[in-house]
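Both of the next two complexes hold chain A, though its partner changes from chain B to chain C.
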Partner chain A sequence: MSFYSFLNVAKRVTISCPHLCRRILLNNHVKEINVGKHLFSSKPEDVTTKLMGFFDNKKNWGENEVKHGRNWTLPELRIKSNQDLHKLWFVLLKERNMLLTMEHECKRDHRLFPSPERLDKVKISMENLETVVKERNKAYHELETGETGQRPEEVRPNLFQIPERYRSKEYPLPAHLNKDFTVRKLLVKRRIFRDFLRKYREQDLIAKKRARNRDRNEVIHLLKRNPDLDKQMLQEKYPTVDIPMLEKKDKFRGHYVPKL
Partner chain B sequence: MSTRWYPIWQKGNPQLRVFLPNFWMKIVKPEHRQPKHVVTFNVSMEMTVHDVRNYLRQIYNLPVIDVRTRIALGPTEADKTQGYIKKADDYKLAYVIFPRDVKFEFPDIFPSDSETKKQLREDEKPLEESKGTFRKFLSRSKNRRGLPGWYSI
Partner chain C sequence: MRLTSFLLSKANKKLGDVSKKFANFPDEYIARSMEQLHWRTPRAPQYSDKTIERKKFRFTTNRPWTAQFYQQNMPGTIRKKVFVEPIPPEQWMYFRGDRVEVLVGKDKGKQGIVNQVIQERNWVIVEGLNTHLRAVGADKTFPGILIQSEAPLLVTNQVKLIDPVDLLSTEVEWRFTEEGERVRVSKRTGRIIPIPSLHEETKDYKSKSLYVVREKDTEAAVVSEITFKPKLATFEMEIMESMGIEEDRIPKKTYWY
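On to the complex of A and B.
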C-alpha cells in the first residue's frame, strides 16, 4: 500500500471518530433536519403526506406479494463513505418503521403480511452497516491509540460466584467507594449462598456423569453391532470412554460365538 | 439515547449524540376515537417523551407540538386447549399531538370491496380447474355406474 492510499484510508476513518462525526452531522445533516421556525409553518397537508411515510406504497395495499430487492452486503457498504452510510441508516430505519406498521396493521386485521422477508432483509442490511462502522472505528482507534476502543468485557464471577460474561461500564464512583458493591460482595459469604452453590455444582456434576454414561453405552451398543469398527475413530469421537477397559466386560460381547 | 451503550455524561463534556439510533416506531390504529391531529404510535420500550419528539422532528421532519406516553398492559388470556395463562409483552404507546389544523386519519388498508374478492377468486382458479377435470372424469362413467374408472379403453 502506498503512503498516499494509506492517508486516504486514514482520512476516511477519522470521520467515524465521535467528535468529528458530530461536526459532519452539524455541517451536512442538521441543515436538512433543522428544527426551526419553518418546520412549524409547514402546511397541514405536508404533515399528512409525511405521516403516510409510515405506510407502504398505496398500490401495494392488499397485495399478496410485493416485489423488492436484496439486502445490502458488506463489500457494498465497505466502499461507501461515512456520510453515505449515515444517510443509508436513516433510509433503512424509515423502511423498517414502515414495514413494522404494515405488519402490525395486517395482524390486527387478520391478514397475511405480504413478503415478510423484507423485514429480515432490512435487519441484515442494518447489521451489516453497523459492522462496517465498527470496523472503521476499530481501525481508527488501533491506529491512534493501539487499542480497539470497543467496550471491554471479561469473564468474572457474578453474585452467585458463577462465571459470567461481564461487559464493563462506567460508574460515577470507584468500586471501593461504592457501598452497594461492597455489600453485594459480603452477601456471597453467607451460608445460603454456599449451600446453593454446592447444589448447583452437584447438578452440573450429575449432568456430566449422565453424559459420560450415555457415551459409554453408545460405544458398547456400537461395538456390539459392529465388532470390526475402527476403535481409534471411536476413541476420537468419544474421548471420555475407556475402550480397552470396556472390551474386558461382558456387556461388550455380542450375541455370537467369538472368533478365535 | 438509543438502546446502545454510551459513556456516562460528566459535567463539562459535550452533549451525547446518537449517530445510528436503533429505535423503532409504528403508527397503530387508535382503539377509541380521538382528535384528528393526534396520532397514536407504538414505540420501543426504551423511548422517552423527548426521544419520541426528537425522532419525529429530526428524522421525519414533523412539527410535533406535544407527546404523551404510557405503557399498555399486554393482554392476558387462557390458552384455548391447555388452559394455562399466557400474557403478551407490555408495549409503549405514544400519543403525538400535531398542530390543530393537521387532519390525519388512519388509512383503510384492506377495503372490503370487489377488488380483494377478485383477488381471492384468482387464487382459487387452480382449485376450480381441478374440480372441473374431476367432474369430466366422473362423467365418463355416467352411463355405467359402479364400474371403476380404469375399466375402459
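On to the complex of A and C.
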C-alpha cells in the first residue's frame, strides 16, 4: 500500500465517523478531531507511527491465529457512563479500521487473515453500544416530551398496496405546503396493476404450499426410518402436517407385506 | 435484538448450541463463513428483498467454518439428504466429557469419554472407541501413515450414558431440583448425573475462571465497574457538555412525514 493510499484511508475514516461525530464536525466547534489535518501538521516520523495504527501489532503478522477475548455485551455496556461509551466507540472504530486494513492487506498479499471472527466481535460490540445509547436517548425523550425521539416509522401500503416498512423523512415544510412531496400514485391501468398483484400473491402461495409439502415429506421419511418416533413432538415441530391422516393413508409404511 | 441476528441464514440455525460451544465463535461469524451467496438484490427501493444462496448443507464431523466443510459442500454440488431424527434442543442429553457406553460395533460394551458433540447429526465422538485406520499422505511410491480415527456414534441408539454411582449404563431424563435447577437424573438409581467440567471448555479457555487476560482485553474489574450516573440529558448533550461544546442555536421547526 502506497503512502497516498494511506492518506486516503485516513480521510475516509474521518468522514465515516458515526452520526454523533459527524454532527460535531459539522458544527465546526471541534477542529482537533479532523484526523487528516492533524496528520499534515505532524513530523514525518509521527505520521508513520500514527499510520501504523491502521496495522496490527507486528508480532501478529503471518500468524495463524491471534488470541483475543469476546465482544462487549449489553449488560456490561449499560453500566458504563456516556463518556466511557464515547471513548469505547472510538477504540472499537480504530480496531475495526485496523482489522479491515489488515484483511485487505492480507487479501492483496495472498495471505491468511488470522482470526477473522475479530471483525464480527467488534461489529457486535458496536451494535450493542449503539443500542445502549439509543435506549438512553429514548428514555430522556419519553420523559421530557412523551415521544421516543427516534425517526418515526410505520408499516403502510406501498405503491402496489403491499404493506411495507416506511421510515419518515424530515422536511422543513408541512406536507400540504410541500410541493416537492407528492404522494406517489401508480399511473398504470388498473387491470395491469391487478394482474401484477395476483401474480405476486400467487408466488407467495406457491412458496407456502411448497413449505407444507416439504414438511409433509420430511415427516413421512422420518417415520419411515424411525417408526417409534414421538408423534406429539413431531406434530409440534411440523404443525401443518396432519400425522393421523398420513397414518391412515399408509404413506410411510412401504409397498410390501410386513414381515410378521 | 441486534440487526445482524435477523440476517443469520436458516442453515446456521440448524447448528446445535452444544456443538458450537467449543469453538466459541459468534453466530455472525459462523453464518458468514458458511454462506454461499449466489445473488442478493441491491439494497434499493426498486428491488424487493431477495437472496439466492445455498440452503441445504451436509453437516459432517468437519465444522462449518473450516475449509473441509466448504470442500464437502462445494458450490454447484447437491448431496443426498440425510434424515436426522429430531431431538428438541432442550432435551439434548450428551455433553463433552460425559462417560458413555458404546452399544454397537467392535467396541460394544466399552466405556469412554465423549470428546466432541455434533448435534446437527445427533452424533457424539467417543475418545479412542469405534475407531478405524486411515492412511494419511499416501501416494504412488509411499503407502501413507496409518492413523486411528474415531467414527461418530448416534446418540439415539448407539451410546448410553453411565450412572456415576455404579458405572453401569442407564436411561436418563431432565428433572428439576427443589432449588429449581435443571439436572440430568438417572432413571434407574435416581442419582444426579452432573454436567462435566469439560463442557465448559472452549478453545480459548479451560474454564471461565482460568482465562488468561490478553493484550487487548479489558480487565474484569474495569468491565464490572459501574460508572453510569443517571442524568436528565441525552447522550449527545452529555458528551457536548463534557467536551465544552456549547450549542445555543435553536433549530427551526421541521416536519416528519
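Everything that follows uses one rule, which is that the second predicted complex is superposed on the first by the 141 of 260 C-alpha atoms of A that agree within 3 Å, B and C clash if a C-alpha of one lies under 4 Å from a C-alpha of the other, contacts with A are read in each partner's own complex, and residues count from 1 in each chain.
By definition in this document, a residue touches a chain if its C-beta (ideal position, glycine included) is under 8 Å from a C-beta of that chain, and two chains touch if they have at least 3 such contacts.
Since the model is a prediction, treat every value here as computed from it, not as a measurement.
Judged by the touch definition given at the top, the superposed model places A:101 against chain B, while chain C stays out of reach. By the document's definition of touching, both partners, chain B and chain C, reach A:169. In the superposed model, A:67 lies in contact with chain C only, and not with chain B. In the superposition on chain A, A:86 makes contact with both chain B and chain C. Contact with chain C, but none with chain B, is seen for A:233 once the two complexes are overlaid on the shared chain. In the superposition on chain A, A:136 contacts chain C only, with no contact to chain B.
Overlap of the chain B and chain C interfaces on chain A comprises residues 86, 133, 151, 169-172.
Listing the residues of chain B that touch chain A in their complex gives 5, 7-8, 14, 17, 19-22, 24-29, 39, 42, 57-63, 98-99, 101-104, 107, 109-111, 115-116, 119, 123. The residues of chain A lying in touch with chain B in their complex are 18-19, 21-22, 25, 32-33, 35, 39-40, 42, 44, 47-48, 50-55, 61-62, 64, 86, 89-90, 93-94, 96-97, 100-102, 104-106, 108-109, 111, 126, 129-130, 133, 151, 167, 169-172. On the chain C side of its complex with chain A, the touching residues are 2-4, 24-26, 28-29, 32-33, 83, 85-86, 88, 156, 204, 213-218, 223-229, 232-236, 238-240, 242-243, 245-247, 252, 254-257. In the complex of the two chains, the chain A residues touching chain C come out as 20, 23-24, 27, 29-30, 57, 67-71, 76, 78-86, 95, 116-117, 119-121, 123-124, 127-128, 131, 133, 136-137, 140-141, 143-144, 149, 151-152, 168-175, 181, 218, 221-222, 225-226, 229, 233-234, 237.
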